[in-house]
């Protein structure tokens, strides 16, 4: 009863996501597979970056399903290619933003998202609007550190995350904190403790582990996305992309 | 790495929920415990019934935590006592309505809830409003069969569920179906097949197994509800209830 | 043409609500009756307290109707048991929160609710959501004084109410103030004057007198709640509660 | 303890509103005064008609306050001049649409408004939006009879009201019916009975009596509109209107 | 291919709007015509002022259409008489508030409106609600200068506009600024530069030129308002207004 | 005073969009330029198609600005690449969906969108949500004809458009019709006439001409998108795309 969850990091930067980061999830009947992109941006920090990440993310989803994945997780809080990928595969595809906001909505009255830079704020606000949870979004805050700086400055990252998470609770009224970048993987415990030191007891969601676990739940229960919403694309000519999907009908 | 999930069926009717129904979830590292109420209604079909189910449901939650539960699931789509119970325990407490509507919102554009009788429709609409997902609720439909009739007439129940689910898709535009009564446990596969026969490929959510699995995910990840939203109650006098909770401060 | 309005204070604390408080409403063709609970909490300050207040509040509603009440008012800003009580009686049952927010929405562009403690804030926000008026709620503010302290410290209560009401107007943009606890009965005039001293002319709603008057209007006009929304409960077994209602059909 | 409520019918048509219609409210400690317009339209059935009714409605409000009114009710479901009139007087001014939708929202889950002609439907939808209750509006239905025909064809009016009210409940899911024209005064009991014959138990609101009673409640409690929302207009030149208000400052 | 756009300034104050202000739009195939009111207020700063401006604004619209206008623009951010005027003419009638908020919604994530005095704030909030864009309105800010002072104190006006626009961006999160009074005509470039000096690159919308250009687009494309929403008024008696419209049917 | 508007048809299908279609707009001081894609799908009918159209659409925008365009219009009702393109250029970029829904919201109370196939319906609903106008969207209807069939079956297309537009008005309450595919260019007059034959007078918006004209208005007034919302992307490595943009800072 092991499920294969395939994690796709939708950028070209090797080494940024190390499999060790998520290896500890394998204790729960889950086997983790991982891809990064051959074509795309070095990181996703705006609409332009995200647009360039879509075609190869979709391709990696198609390949993952062919290679036996039971579920797919896209490893970026912009959920790039989430809806398009669901159209071309039949296994569940989850995005960490969508998964986290729905879980956060269940854990407290409001939530805030603490992310990297200003460039992703409108994108995040629009995603939450499409996911239907804007009324529960207390704020989006930024630590003003580009994605590719996070790993190099992990201690400073944690300090900034702690500061903005505290402000989200005290000024914006957040009851739950969501990390707004999957590059913050592994920092939740530290931030939660830092808040507890201020006598603040709010969950801090680390989106990737949560989303991998949720993907496994769906796979185990045999639940996948609605093909009424995400119908297979119609067959048609495509130029410039070598994508192993040829459409229906 | 087994988690103990305690299922509380918030009614007094013995035998209605048989542990066999959920036993098959034990394969996923989950051990299931179960309680019914000593004080409360025979079934929950309106606000009055629900009000009478609250005190003992809360009491059972307190006892379950003391007895070593890692997470609690309230086995009723009215999520009775969900918010109050979260105040008095520190482990995650999940309701199948809240859990299902958030999952459904992730699986398709809209969802419909097919439930038992007219009396629960305003209650369900208000719950979805509080959970923040009204804009994704296509409709609430009823099969017009009281809860206590379901088990006796399981084939008729399936027929009625299939009919109303089909109408939810075709007339109301639903992309996902949620069972609006936990008494429908075990009927999802049958309804999903019946829809597939009409070439309709939409997920049909059976709330209890999904919610038990979600509860285990939270327990495994060490995530629980926000104590900013669900603070421990203040200590004060209570008359007429023998509830083993004495408040804080 | 006198109407009998029955006020139910949904707590067990004797002496907290003195009939003198509302006696002056009897000039308007209204006769006031009053009950407190035999079973329930000493005060209502969170979801847990409210849950324990429901069964006996409902019972007192049934008894009040049998004893000749023309309308019922539940004397608590959490409106505990409001919807369930409407199911079991045919006379109008009003809650001071629902009544006050609708009146406040008619008196100005936005309103703020000033209440006792943090524990009731999510509860109040959810009530306003269900009542459909969240977009007109400027803020919920707390004076951070438990219910049972109010009467003992009435002067300090008024000072804190004046301070938070002023902040609600100046910082949150409130055009109308609602007292978020019926324990503040009698303080409105003082707060209104205190705001006028700052040249701020906004109504300060004292919910109980307003709700009693509204209940009398409905009784006089022969209007009661929709039995389509609040149908009589179905007959079924109940254990642990001695409630004089036996259901329909 | 009698309150003077001044009813302003914002049209020029003499005899349409007879004081007998509302005389029976005088039993409740209310004395009724009445004006019609000297300048304005024969009836209000669209935005154009309403625009022409505003200046003289406002003037009549100013005069009513000077003549000793304790509260004013504008006798038209378009609530013409409601906000402007509140600026120029200090006593409460109520509109029957605003008052009815807030009361209907308290009596059931949803409400429908049954009105005269298509021309007022966008106007009504916009009013409900401004009043903040669109999410509780099930539908606006029309009987397709001009205002000035109602009195001449009162039996046909009742038949059409009964038919559209029934459809509002059965097709649109309304739990409460509001008359969308004050010309329907006196028809509520008949429609309520007609629905009961179909075993439908929903309130049918006759807006004028309700609004007069509410106006009296506000006057009795000394509550009036927020001068933060409805500040006195600044003094300035006006041409073409002989309005006895000269502004502040 | 020249279009005639008729600008109606809905106040009686001569000289406030000089045609020079908008003459430079004539380069784009547009010919500008202009009227002020014979009956109405000196300026529009509250609901009362606006009510008095309606009848003659509507009359001027009817006359403009008769005189050969291809489109009409009402020169006031309260959009007085916009809906009523659309009923009585068949050419497009545009209001600068409606036009600006829709354009602003296309230019950035959120917008703020900077206006004259507190008295118009509720009015503006309600307009934006009716236009359906409240969720994109970051704030309404006032410079606290009456309309008739603007021209006399144009340098102070610009300073105040610059200050409030800056606060709208920095404190309220606005991505676009809309002038909330057409009296600010001609100030946009100055404010935009002032913001650029702070390294803030947001559009500052000057509503009148934008609305005149939009009116010409509609006229050029042969698009006008929906007569389903804005049907011609029914014929009926009117007293006190000499308006050259006699209704339909 | 001629403005250069560059139209980008975000598909690879040559000949589908002929410049003649939009040439007649050149009378209004506009010069039209046109591109199709080198890499992308044959048509855009789902999320997958749209994802593949993004990178080259963005590239064409960058090139158009370099080649002297004053404004850009993306010729597809999915508005593919709209937000990303705004980040990489400084001239206005308009999408016909965003432009049309905002114009439709100004022309009537509600609008419906009539489009090609089911696959684009969720996509359209989500766009309207992000644009903030869901409450004014009466319905999305499909004629069930793939994009590439339209030109071949133009008469059948018009019949189907007429039928669905009529249903949108009569069943869904639409006051304005928007074509939900830019392939319907040139059909508006025919549908408008067909509706007039049923005595229905509603505007039918042909999105491309409207959007081109709007783009010219912005260019003429010197208005462009907010660089607060659409900041220039940060400089970073990109693989697999030859896009002439190298980022900021």
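For reference, chains read A, B, C, D, E and F in written order, and residue numbers begin at 1 within each chain.
The rule is simple: contacts are C-beta pairs under 8 Å (C-beta built on N, C-alpha and C of every residue); 3 or more make two chains touch, one makes a residue touch a chain.
Keep in mind it's a predicted model, so treat the numbers as computed, not measured.
Chains touching both chain C and chain D: B, E.
Remark: among chain pairs A-F and C-E, A-F carries the greater number of C-beta contacts.
Here the repeat of B-C among E-F, C-D or A-F is A-F, since over half of its contact pairs match by residue number.
As a whole-number value, the distance joining the C-alpha centres of chain A and chain C reads 44 Å. Centroid to centroid, with C-alpha atoms defining each point, chain A and chain B lie 27 Å apart. Multi-chain contact residues of chain C, defined as those touching 2 or more other chains: 109, 122, 135, 229-230.
Taken together, the chains touch in the following pairs: A-B, A-C, A-E, A-F, B-C, B-D, B-F, C-D, C-E, D-E, D-F, E-F. The touching residues of chain A, when paired with chain B in their complex, are 1, 27-29, 94, 98-99, 102-103, 105-109, 131-133, 135-136, 169, 175-176, 200-203, 205, 209-210, 213-214, 217, 220-221, 223-230.
Residues of chain D touching chain B in their complex: 109, 135. The residues of chain E lying in touch with chain D in their complex are 12-13, 37-43, 45-52, 54-56, 58, 81, 83-84, 86-88, 117-119, 122-123, 126, 129-130, 146, 148, 229-231, 233-234, 236-241, 243, 245.
Of all residues in chain C, only 122, 125, 134 touch chain A in the complex they form.
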